[in-house]
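Notes follow once the structure below has been shown.
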């Protein structure tokens, strides 16, 4: 076991923890993608290049894109709803 | 507060249990990798992981493809009707346009390589499928509408991999062999064929889960949100 | 022969996905007949020739995956085929008003069926995981089908619970593989010993499966999901889907991990069951919505299944056998009765346009058959004779007497009264004459299929010997 | 301690963190992140423990590959339902 | 094979009738009535055939393994024929009466369906060959009577239905516990609980006697709810809100009789009278029954509604059966068993009469009965006969029961029972005679409360009148021709001698 493994393992745990500790969802998702890339690295250390490839492509890549896209959608809906509410509010008050 | 305390308790118990379980794990009595090595020649595939996935434990993979298909069918069921705002407004970005034009062929090419490599080296249908899907997502973001609007064709594309897999698996039974068995001499090529079609279907599936997800457009008059 | 039961639903799933809309309905009946026929032929084969296994792809376990068909398995296969057939006939007519849902219902239905059959037949721990995921996703898809906000929320909660549950299960599987090097269940049941790794693995799997089976206090997701889905979906979920994870739980406790579980742990499982009976009955008694009543009733009834663990672990063989027999009968009787109940309630709701119990007055005049089906299934749920539910309760009581576990005796005997308390709420209201709503005409097949299921639940009271005799045929699998 | 067991233990820590996050988090997106990372932890154990016992093992690697694909399908479905739910006026952080 | 199937046929007549009636649409009145009545007549014929067979020592038994080691047995013996005859005859009378009573009422399909189902359950109870089978039909009876009790759908009847369920389901649960313990602890082979194999309990080791003592009372409490033993009788007066034919059926044949019949079965065919005597369970039960007899009569005195008074009278009268069963010796047994039948026909007459007064003149309270005797002479004569029978005036049916009970009590060395009988008869007279006085000797006070059937050729419609008259005639005949071979008394003696001299 190398010092590299220790660092990588600790890095994984830290990435994982910081995903949960972050208050900002966008940052959480980005950290999640970082976690995925670290994990891909881990798989090569475990002599599982297939998994490294899969993790990078699917786990971090595709899941990350899906999550980011959803996050964007949720934000937009929230803004839209807030705008609608204020409009309604103004209409009601006027 | 109670929820956080409960969660912490659950986490601590889990950690404790898992650590103990890992530390004191008894020595295994069965050595599966050995058996994999012994039978790898008969499987028709040189790469052990692909051999496990598509021959020794191909039943798992068949069900796994079914899981992917179910996810996309359930996703399509939740698709919104009415006009969808296409193409994305993001397509105007010239940088993205340029990037896409360069990256797209590369991604597809890599996908094909990964698929082909799967029979003797790391790689295979799922990774390749993900790359194809990534290419599709990129194209989509750039404004190219690849995902077919023709519904039935789309569904055929999604199911094609599963259909081929199931057909090959069942056809063995007509020759009096067990379900999911490959004829010895064709095993390698059949598996490659299945993988190729699976790559396409999985790519399309993941792409359409992305494309057809309910968007952010405000409900049009004809929408069915009131249901 | 055995894989036919997987091929049929998978093939029909593809067909109903790809064929034009008007065809998806037409192929349902032939598919059901094929499925039912195959299940019955397998039943007969096992009955005459004994348990069989089937090496998929000709790779013997542990390298490959085997399917195992013994008496218990084929009973469950036949149950699945029968209930699915009646629910499908109901759905054909029920979904006439749901144009879009109807189209996606059928592929999901067939995939659900395939996953159930796969789980009953599986003899490999990881294969069970994939089966569970297939089952979970298709069930969630069916719950979300209407795209209404409550249904979507219920589907999300259900999906999260299912995913968390299967991951916990998978973690257990990972430990088992790490400790024994194999995933094949018959092989494992000969090797597994009572070490810490196994115990942690069994604990993890149990938590995951308890969550998926919706055993109190992990039941929170079930009532909205089962109560909010379309009637045929609710029937399938309550009758069959929750039973799949219970089946795996029983497999792990009494077969694979038999040497790793302790009597006190089994008593704890029984306590969870008792909690489920109390809590589920109480909520069923309080809820204003008729479908929620039936859903909470499922929570309560699942509690009886948990009695298997204290009654079969650490007791004499005779008592354990009776506990097994009682549990199987309860599983069968509850499946038929609950399916009948959801279908009849679904018809009522469809006809009067809402599900408030207080406003059900006068339905007995307009929909006597639906109410009669509800009544018959309620008889079985209450454990009153003559019914499958009564025979199950009798066997469980006898088992508790045999092993001298009087606390479980009291729970099982008293549970029926709790059931009566909430079930008779419906009868009470339905006998009032004041009609407060328009009653729309519904297709008579809706009431008939529910009635048929209810009759089977009652008839099981006279034909219990049958499944029990079939169940005696065990191979390397369940004891 | 070998590399494999080390990463398996890292997996255990990730699982524990994710269990905490899954139960305590309110936002459904965050729960989904927790689910994905818990999966990664399980996969680490799944490959790490057997390889610690008897060297590189293709079977668990294949199983994990299956697991990754299943996880991404489930995540995608969850996101679709979540989007539709939020679109119909639901709150993503109940 | 006909012998084995006969019990099935008898059961099937009313079961199939129930199913057919359920499926018939509401408007098919003629078809339903025809079918219902022919089934009832057919059943009487079948029961008659079986009764003759039993008298000639034929065996009728149907056996089927329901669960491992537990049989479902339908068997006709002398005792079961007594109960079967009672219910089949009264089914016909009550059905006729109900057709008249419910003319043009809604939900008749449901009513007659459950009515037939209720009779099917009583048939099952009478033919049950072991305790397990008995339990099945006992619970089925609860379920089939609930819809009848709440039939009117009013708030009051629904509340009554709830009370009814609380008592009967609770009693059912206790009985289930008793039966389950009986099978699990005492009788794994199913021989003791088989009604045909008496005497095997006495061979059990002495250390089980305490358990047997406790189990006896668990069973009796379970049965006692239906048999309305004080204080388990609370449901009975409240259930009076049901339509009159239902009350008649509940009181005369179905529910209370099922409980009483069960007590007789437990004492004679499971514990076996001699062993029960040795075990010391009979005396407490006799005291309990006596308390119920007195208490029921006292309560009846305080009632002002006709049906309520009759209800408490039932509480009191049914316990005669239990009391008779507790008297060790053949004569007391005859008294108890014969009362099973006598009380049935007398009580059904009284309820029919009460129904006639309510339907014809709208009379519910006793104070409104003044002078009704002249307006409705036949009904009032029937009522008078029933009341005299209940009091025990010779030569009516009730007298026979009380006479045998009294002699039997002396035989068994329980002289105090005579006191109970005399006190109860006095009380019976105290609550029945004022009614008779009002009927016949008081002048009419103004118009009837709610007269909706005017006097035509007869005082009321024929379907209400003739069943009443018929049952009144039966109750007279049962007393007058007590010595005839097929009279209730001779039959009860036959049963008793078969029980005592196996």
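All chains are identified by letter, namely A, B, C, D and E, in their written order; residue positions are counted from 1 within each chain.
Going forward, a contact is a pair of C-beta atoms (placed from the backbone, for glycine too) under 8 Å apart; a residue touches a chain by one contact, two chains touch by 3 or more.
No experiment lies behind these values; they were computed from the predicted model shown.
Engineer: Treat touching chains as neighbours: how many steps, at the fewest, connect chain D to chain E?
Structural biologist: The distance in steps between these two chains is 2.
Engineer: Quick one: which chains contact chain A and chain B both?
Structural biologist: Joint contacts, listed by label: D.
Engineer: Select the chain at the greatest separation from chain B, using centres from the mean of Cα atoms.
Structural biologist: For chain B, the chain whose C-alpha mean is farthest off is E.
Engineer: When C-D is set beside B-C, which has more C-beta pairs in contact?
Structural biologist: If we tally the contacting C-beta pairs, B-C comes out ahead.
Engineer: Would you kindly say which chain has the C-alpha centre located farthest from the C-alpha centre of chain D?
Structural biologist: E
Engineer: Suppose every chain is reduced to the average of its Cα atoms; which one is closest to the average of all protein Cα atoms?
Structural biologist: That would be chain C.
Engineer: Between chain B and chain D, what is the gap in Å from one C-alpha centre to the other?
Structural biologist: Taking the average C-alpha coordinate of chain B and of chain D, the gap between them is 17 Å.
Engineer: Go ahead and note the Å separation of the Cα centroids belonging to chain A and chain E.
Structural biologist: Here chain A and chain E have centroids separated by 76 Å.
Engineer: Roughly how far is chain A from chain D, centre to centre by C-alpha average, rounded to an integer in Å?
Structural biologist: Distance between chain centres, rounded to whole Å: 13 Å.
Engineer: Report the inter-chain centroid distance for chain B and chain E in whole angstrom, where each centroid is the mean of the CA atoms.
Structural biologist: So the centroids are 72 Å from each other.
Engineer: Among the residues of chain A, which ones contact at least 2 other chains?
Structural biologist: Answer for chain A, listing residues that touch two or more other chains: 50, 54, 58, 62, 66, 70, 73, 77.
Engineer: Give the residues of chain E that touch two or more other chains, as numbers and ranges in rising order.
Structural biologist: Residues of chain E never touch two or more of the other chains.
Engineer: Mind pulling the residue numbers of chain B that touch at least two other chains?
Structural biologist: Those would be 18, 22, 25, 28, 31-32, 36, 49, 56-57, 60, 64, 67, 70-71, 74, 78, 124, 126, 130, 206, 209-210, 213-215.
Engineer: Could you please write down every pair of chains that are in touch?
Structural biologist: Between chains, contact exists in these pairs: A-B, A-D, B-C, B-D, C-D, C-E.
Engineer: Quick one: which bits of chain D touch chain B in the complex? Just the residue numbers, please.
Structural biologist: 5, 8-9, 12-13, 15-17, 19-24, 45, 49-50, 52-59, 61-63, 65-66, 68-70, 72-74, 76-77, 79-81, 83-84, 87-88
Engineer: Touching chain A in the complex: which residues of chain B?
Structural biologist: The touching residues are 49, 114, 122-124, 126-127, 130-131, 133-134, 137, 206, 209-210, 213-216, 218.
Engineer: Residue numbers of chain B touching chain D in their complex, please.
Structural biologist: Checking each residue of chain B against chain D gives 3-4, 6-8, 10-12, 14-15, 18-19, 22, 25, 27-28, 31-33, 36, 48-49, 51-53, 56-57, 60-61, 64, 67-68, 70-72, 74-75, 78, 80, 124, 126, 130, 202, 205-206, 209-210, 212-215, 219, 225.
Engineer: Using the touch definition from the top, list the residues of chain D that touch chain A in their complex.
Structural biologist: Listed in rising order, the residues of chain D that touch chain A are 1-4, 6-7, 9-10, 13-14, 17-18, 20-21, 25, 27, 29-30, 32-34, 36-37, 40, 43-44, 47-48, 51, 56, 61, 64-65, 68-69, 71-72, 75-76, 79, 82-83, 86-87, 92.
Engineer: Quick check: in the complex, which residue numbers of chain A touch chain B?
Structural biologist: Listed in rising order, the residues of chain A that touch chain B are 49-50, 52-54, 57-58, 61-62, 65-66, 69-70, 72-73, 76-77, 80.
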